[in-house]
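Below are two complexes that have chain A in common, paired first with chain B and then with chain C.
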Partner chain A sequence: MENMKVLVVDDEGDFIELFVKRLKKRQIDIIGVESGYRALDILKKEKIDVVLLDVKMPGMDGIDTLREIKTKYPLIEVIMITGHGSVESGLQGMIHGAYDYVLKPFDLEVLLNKLKKAFERKRLKEKA
Partner chain B sequence: MRKKLGNIFRIFKKKEHTEEDLEELRLSFKERYHSFKLLLSANNSALEVMGAIDQALQGNNPFGMSFIRASSTAASVSVYKLIKHLNEISNNKYTELFLRFEEIQDSIQKILSQKKTIKDEVMVVPLRSVDRDMYDLVGSKMANIGEIKNKISLKVPPGFVITSCAYNLFIEHNHLQDEIDRRLQSVEADNIEELYTVSSKIQNLIINSKIPQKLEEDIKTSWDELAKEAGKEITVAMRSSAFGEDTEDNSFAGQYRSELNVSFDHIFDAYKEIIASKYSLTAITYRLNKGFKDEDIFMSVGCMVMVDAVCGGVMYSRSPLDINDDSIFINSSWGLPKTVVDGNSDCDLFVVSRKNMEITYRDIKNKKNKFVCYPKEGVCRVDITGENANLQSVSDIDICQLSKLAIKMEDHYLSPQDIEWAINQIGEVFILQCRPLKQMENLKIDYPEDLSNKENLITSGGITICPGVGSGKVVLVKTGADILSFTEGSVLVTNQALPRWASLLNRAKAVITEQGSFAGHFANVAREFRVPSIFGLKGILEKLNNGDIVTVDANAKRIYRGKVEISYNNLGEKKNFMEGSPVYETLREVSRLIVPLNLLDPDSFEFKPLSCKTFHDITRFAHEKSVHEMFEFGKTHNFSEKSSKQLFYKVPMQWWVLNLDDGFKEEVIGKYVHLDNIVSVPMLTIWDGIIAIPWDGPPIDGKGLMSVMFQATTNTSLSVGTRSKYTERNYFMISKNYCSLTSRLGFHFLVVESMISDRTRENYIRFQFKGGAADYNRRVRRVQFVGEVLEKYGFKSEVIKDTIICSLDAQEKDFMLSRLKIIGYITIHTRQLDMIMNGEARINYYRDKLHSDINKILS
Partner chain C sequence: MEIEIYGRIRGKIITTVFLFSLIPMVFLVFFLLYVQFDKIYTDKITNTLKTMVYNKKRSIDLFFEERIAQIKTLAYTHNYETLSNDKYLSELLNVVQSTSKSIVDLGIINQDGEHVAYAGPYKLKGVNYKNEQWFHEVLFKEIYISDVFMGFRKFPHIIIALMRKDGGKFWILRATIDSNVFNSLVQGAQVGEKGDAYLVNSDSVLQTPSRFGSQVLSKIDFLNNEVFNSIIDEKVLHLNKIFVGLSRIDIKKWHLVITKDGNEEMSQFNDVKIDAVLILIVFILIIIVGTFMVSKSIIKGLILSEKKKSMIDANLMQSSKMAALGKLAAGVAHEINNPLALIKESAGWIKDLLSEEEQEKIKNFVEYEKMANKIELHVERARSVTHRMLGFARRLEPAQENVDFNMLADQTVSFLESEALHRNIKIEKNLLKDIPLITTDTAQVQQVILNILDNAIDAIGKNGTIGLRTGYNDSENKIFLAISDTGIGIPQEEAKKIFDPFYTTKRPGDGTGLGLAISYNIIEKLGGKIEVDSTVGVGSTFTIYLPIRRIA
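Here is the complex of A and B:
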């Protein structure tokens, strides 16, 4: 997981704050933002490897943001965050090029494993 | 990527590769290897979720719509990934699978998005125009009472119903549904503590919402009409009336709130509180246990002019405990019938013979208190002083009159009825509620001979609420907080038989209370869940302590210390409450598109994308083809380094090896790879297991063999192409720390996948095994047998029909290797065990043999 840089996008500020704190404790370089627009701004400036993206956000929703990201930065891997109410959008995400999805509330270990695998895949694609 | 593949195609044409070409081929192969690994992981998650669905359909644990949604998505995402990775490996050879996938996915979506809708638009209807066909609009309870009022012309207080459309409008107006779903679906169904919190939050949310103006106006108009009709100031009793409640098997008794003696000042608050009670803890658990879809429950609310009762209660037109008993059972108390219904104090019981209306049994209790109406609004419990407490609360004449009403209603509905009644100051008898009554079969109990003089009898007495025998650990439940600490399989002991304890019934072995009526809500639900129960057993709270083990014989009304074996015909056993429910049926429909496997034989002509009817079919197809594609790569690209080699162990074997990365000691030139050139730790371990103990051939069993022959002629997919019957194909794909083995021998299909190194957390073994040629039952018994054996050695196992998936994760290297060796042994020695899977003795013989072999291998 060395050198992996993660961006987490979720409109729930409390969630972002807690999540960023927990991942930083595990030495993961992570930024959190609260909307799809902000996410795209960050991507302009920073080199991000994996984006964690909430499906349900006001304004530009998760799927729209995913599309933008995959068009502009095809190498970045995206993992969608779905709630039980929006679990069906997990598949929507996959079809639009997401690497995987997690169901909130999730087990941190499960998510870390997915992050790691997404990162591996990104590195492999970069070499190709 | 595409450009690169173009290059590769150009490369084919040349015979010799340059070093640069080789590098490119290696890279291309590496990408495929990566996709292949992802494919296998998707394959495993697809099978796991199918296992979970299959398990849920056994119906031993309740599940809700959120489980179905989450599982369906997990299945579709895994299968989608499988197809995607297969296409990455095969240069988009199988895009047709996406079409099949979409079709199946659409069908699943259609099932999941089915929703009950209400077509009507009326917000409030007067009770005088309601009958039982209107249950959609006014809920079952009010539909029934409307029927009684208008079709049998019994005396029912006038009133109106705030309809299910009004409910919808209220929920939509406040945008509540999404928020409710979100909160509700994020809790684990069996975490009562969390459910409790979520339940109160949702209820608050509802209580703090606004009633749409249009609805307020309609209710006001109806109220004024009602008051005008009564010719005086009125108050009403408000009762929940939801779709699907008040049926014989699903009474929802006492699960929702009622508000008595409500004035207009508080009608809107009371309305919201009743709506909110849809999300009380007991109601949520009840729906979950009975498989009702939350979103299909529309709460209507009935408002009926309050009857200021002198006495009231509940009567049954027949005995709920014995289907052969046609006596009428009348429970009565002073004041409002609430005393009987809530079950918090004792009340009188009368049994009336149907033939001559004679009272054959009367039990007059000391009635300590009663509920009465306050003059303006609300009800209160008052103590009964003086001799009234011990007086019969309803006269013999009224008992006779009530009995006749019960028979009249039964005759109208043509089924036994559960009826709430009240008698006012001037002696008028009102019917307030009625619903079908569930009668139980009479239990036959075989008592051990020495039971009558048992010393461990603690006490006896009380009334049988639900017959049967149950034993377990005593949990004394006094407050709501005790609900949280109630453990599965305990005996619930409490003072009052309150409806709020209903959420514990699914986990209770038996119930004992000091007080409570035969006809209360809690008694109803206890019978529905078939939990042996005794109510009204005085002094029991002092005789029992938390943690005591007791046996409750609800038939004989006796409590024993310790576990006493009393057998009875299991009519009283708990059944699977989910089966047949809307939620259960939804999962069953969805599972038909996910779980069954139709593609059995990869050599058959039918083994193609177009034949895939379920997600399992796609999974099986994609897995088979992925292995094929990986093995083809070297050949089609004329690339020896990544071509498969035949294993040479003493002689050339029917085993093929593909080196994914660093699985060979040195480059292999030519056709064969010798075992000593292999450095893949997991493969060598599996091989050790395979050769550890010689296989003594298929077990012989005349019938088993017949069964195999029979299957071969009836199962077309097994018999098409005779060669499929005895084909043996074993493929290893290896790197130093990784190995996947796909093996088909005749009818057997198995996959082993393992990654083992010093990085403990990444270590895993997956073992999947399916098929066999014997009939279905034997195949199922075999995989269960294999699972049982492997679980002894630390594996987790999951059975989906005749397939088993076993797994072991994140253990130390040496432990993992020892377990992988067991898998190697199992792959050979369980071949065709299905043939002997019909005799207990043979099964035991083979179980012992397997364990003793495995112990040898491990030592």
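Here is the complex of A and C:
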């Protein structure tokens, strides 16, 4: 988990605040933003390993953001977070190149596990 | 209300068919029978009567012509002296009567009206005719035929008298016509049971007896002079269904009257009329029966199609209701999942923070930790509800998908678990492991299972068991789900009807009677079938079979 840098994108401010706090407490370098546009801004400046992306957001939604990220930064891994429970939205994310998806409300340990795996995959890809 | 509508439709059909089939038929029959046939028959009778009157008139004329010729011959082949001899006259009468019986007697009357010779059955010799009217007529006309009169013999008769001039003198030969012969000549034209024939003179006095009552020399009153004067040739009148044929007898101012009863003449035709009316009645009965049968079958068909239609409507409504419900469920679940995530993260954060604290320094540390865990636990509970709702919603979208039948049965039961628990109904599952996947519409199958489970719970009421068993029939390439209950059961005769639309045992308002009908429909469309096996008092088992369609 060392050096893993995570970006979490969700339109719910409270959620971002809490989530960032909890991951920082677990020594994970994390930035939280509230929209897809902001996320893309951050990606320009920072070197991010894994993006956690909410599917349903006003303006630029999760899937659009995912597409942008994947075209501009194909190496970055993305995990979709969906409150829509529907597997379709998650699967749609997968089709557009997301690494995995989690359904809200999620178990933090499960998510951390997925983050770790995504990060490992990214590192493997970078080496190759 | 519906019955009323169908009754009205039926009434309309019946009325229309009746009117369109009966009116032309009745019209035709009555037009033919009472207008055309009457006319034809009247014409026919009129013509027959005309011919008859003409022939009879001719024969009467001929009769008189012959008699006159006979008398003339006698008078002109003998002289007065010879004929005045009674004996000779008798011999002469015998000769005449040997060829024709129509002359009854002969008499010779001299210039002074004295009856000088007589041959015949009456004692008329010596009678003086000087003051008789006919005596003067014959002097004036030479040949005279009398009307019927009583005369000296006090019996109705007709005479023919001929005057012969001999030098300065004259004498008269007089013959009497046998009224029987003459009458029978006229009465020969009396046809049928009510036909009549007679002669009248210009004063409407009968010259031959009428068949019905009126004697010779009585007056008839139903024909007046005006009518007689209008006769030129033969004429036929219609008087109250009686045909009257009239003709003039040329030799006298007499009229021949022949009557025929129209009713009698038409009696044969009336039989035809009765037959026709009977046939008409039979046809009408056939039409009535036919109309009732047709209208009945139409209404039956209407009701059937109406039932089918309302089933389709109900099915559609059900689907759209479910679709709306699915959308609602998905929306609600999504809106709740976000705050749930927040609550869970908050509880998690509390736990994170607590783990940094020294337990001894915080008085209620254990309680805080316990409550944080409780929050997480209940968020988990809520999550399972929303995820189930989402799962339900997702399946409402019609699709062909690979379905694990066991999972489907399991999930569907979970909707009714609390209801079952509340009623103390135990649910026993006996699901075959590694059951093959089927390709079908999950939502629809789920609806069917729900319907059957719902009925099972209703059948049990309280305290009982619902069994779920899945299995696989390799030979038929089908999987099945048997849902059994320990409910009241279904009587044998009712079992056939349970899949009919609108069949329900629930109180009005509680059930639509469409649940099983729709279920049957759905499963049939998915290529499967539903079977029911039930024993009253023991319970029922509904088995759903669905085909395994292997995806190529």
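Heads up, the rule we're going with is that the second predicted complex is superposed on the first by the 124 of 128 C-alpha atoms of A that agree within 3 Å, B and C clash if a C-alpha of one lies under 4 Å from a C-alpha of the other, contacts with A are read in each partner's own complex, and residues count from 1 in each chain.
Convention: a residue touches a chain if its C-beta (ideal position, glycine included) is under 8 Å from a C-beta of that chain, and two chains touch if they have at least 3 such contacts.
These figures come from a predicted structure and were not determined experimentally.
Engineer: After the superposition on A, what does A:121 contact: first (chain B), second (chain C), both or neither?
Structural biologist: first
Engineer: With both complexes overlaid on chain A, does A:22 touch chain B (first), chain C (second), both or neither?
Structural biologist: Second partner only, chain C.
Engineer: Is A:61 touching the first partner chain B, the second partner chain C, both, or neither of them?
Structural biologist: neither
Engineer: Which partner chains sit in contact with A:105 here, chain B, chain C, both or neither? Use first/second/both/neither.
Structural biologist: Once the two structures are laid over each other on A, A:105 reaches both partners.
Engineer: Tell me the contact category for A:14 with respect to chain B and chain C: first, second, both or neither.
Structural biologist: A:14 sits against chain C, while chain B stays out of touch.
Engineer: Please indicate which partner A:94 is in contact with in the superposed arrangement: first for chain B, second for chain C, both, or neither.
Structural biologist: A:94 contacts chain B only, not chain C.
Engineer: For chain A, which residues belong to both interfaces, chain B and chain C?
Structural biologist: Common to the two interfaces on chain A: residues 83-85, 87-88, 103-105.
Engineer: For chain A, which residues count as touching chain C in their complex?
Structural biologist: My answer: residues 12, 14-15, 18-19, 21-22, 25, 56, 83-88, 103-106, 108.
Engineer: What does chain A use to touch chain B in their complex?
Structural biologist: Answer in residue numbers: 82-85, 87-88, 90-91, 94-95, 100-101, 103-105, 117, 121, 124, 127-128.
Engineer: For a test of understanding, state which residues of chain B touch chain A in their complex under the given definition.
Structural biologist: These residues of chain B touch chain A: 1, 4, 27, 30-31, 34, 38, 66, 69-70, 72-74, 76-77, 80-81, 84, 105, 109, 112, 178, 181-182, 185-186.
Engineer: Provide the residue numbers of chain C that touch chain A in the complex, in ascending order.
Structural biologist: These residues of chain C touch chain A: 330, 333-334, 337-338, 340-346, 348-349, 352, 379, 383, 386-387, 389-391, 393-394.
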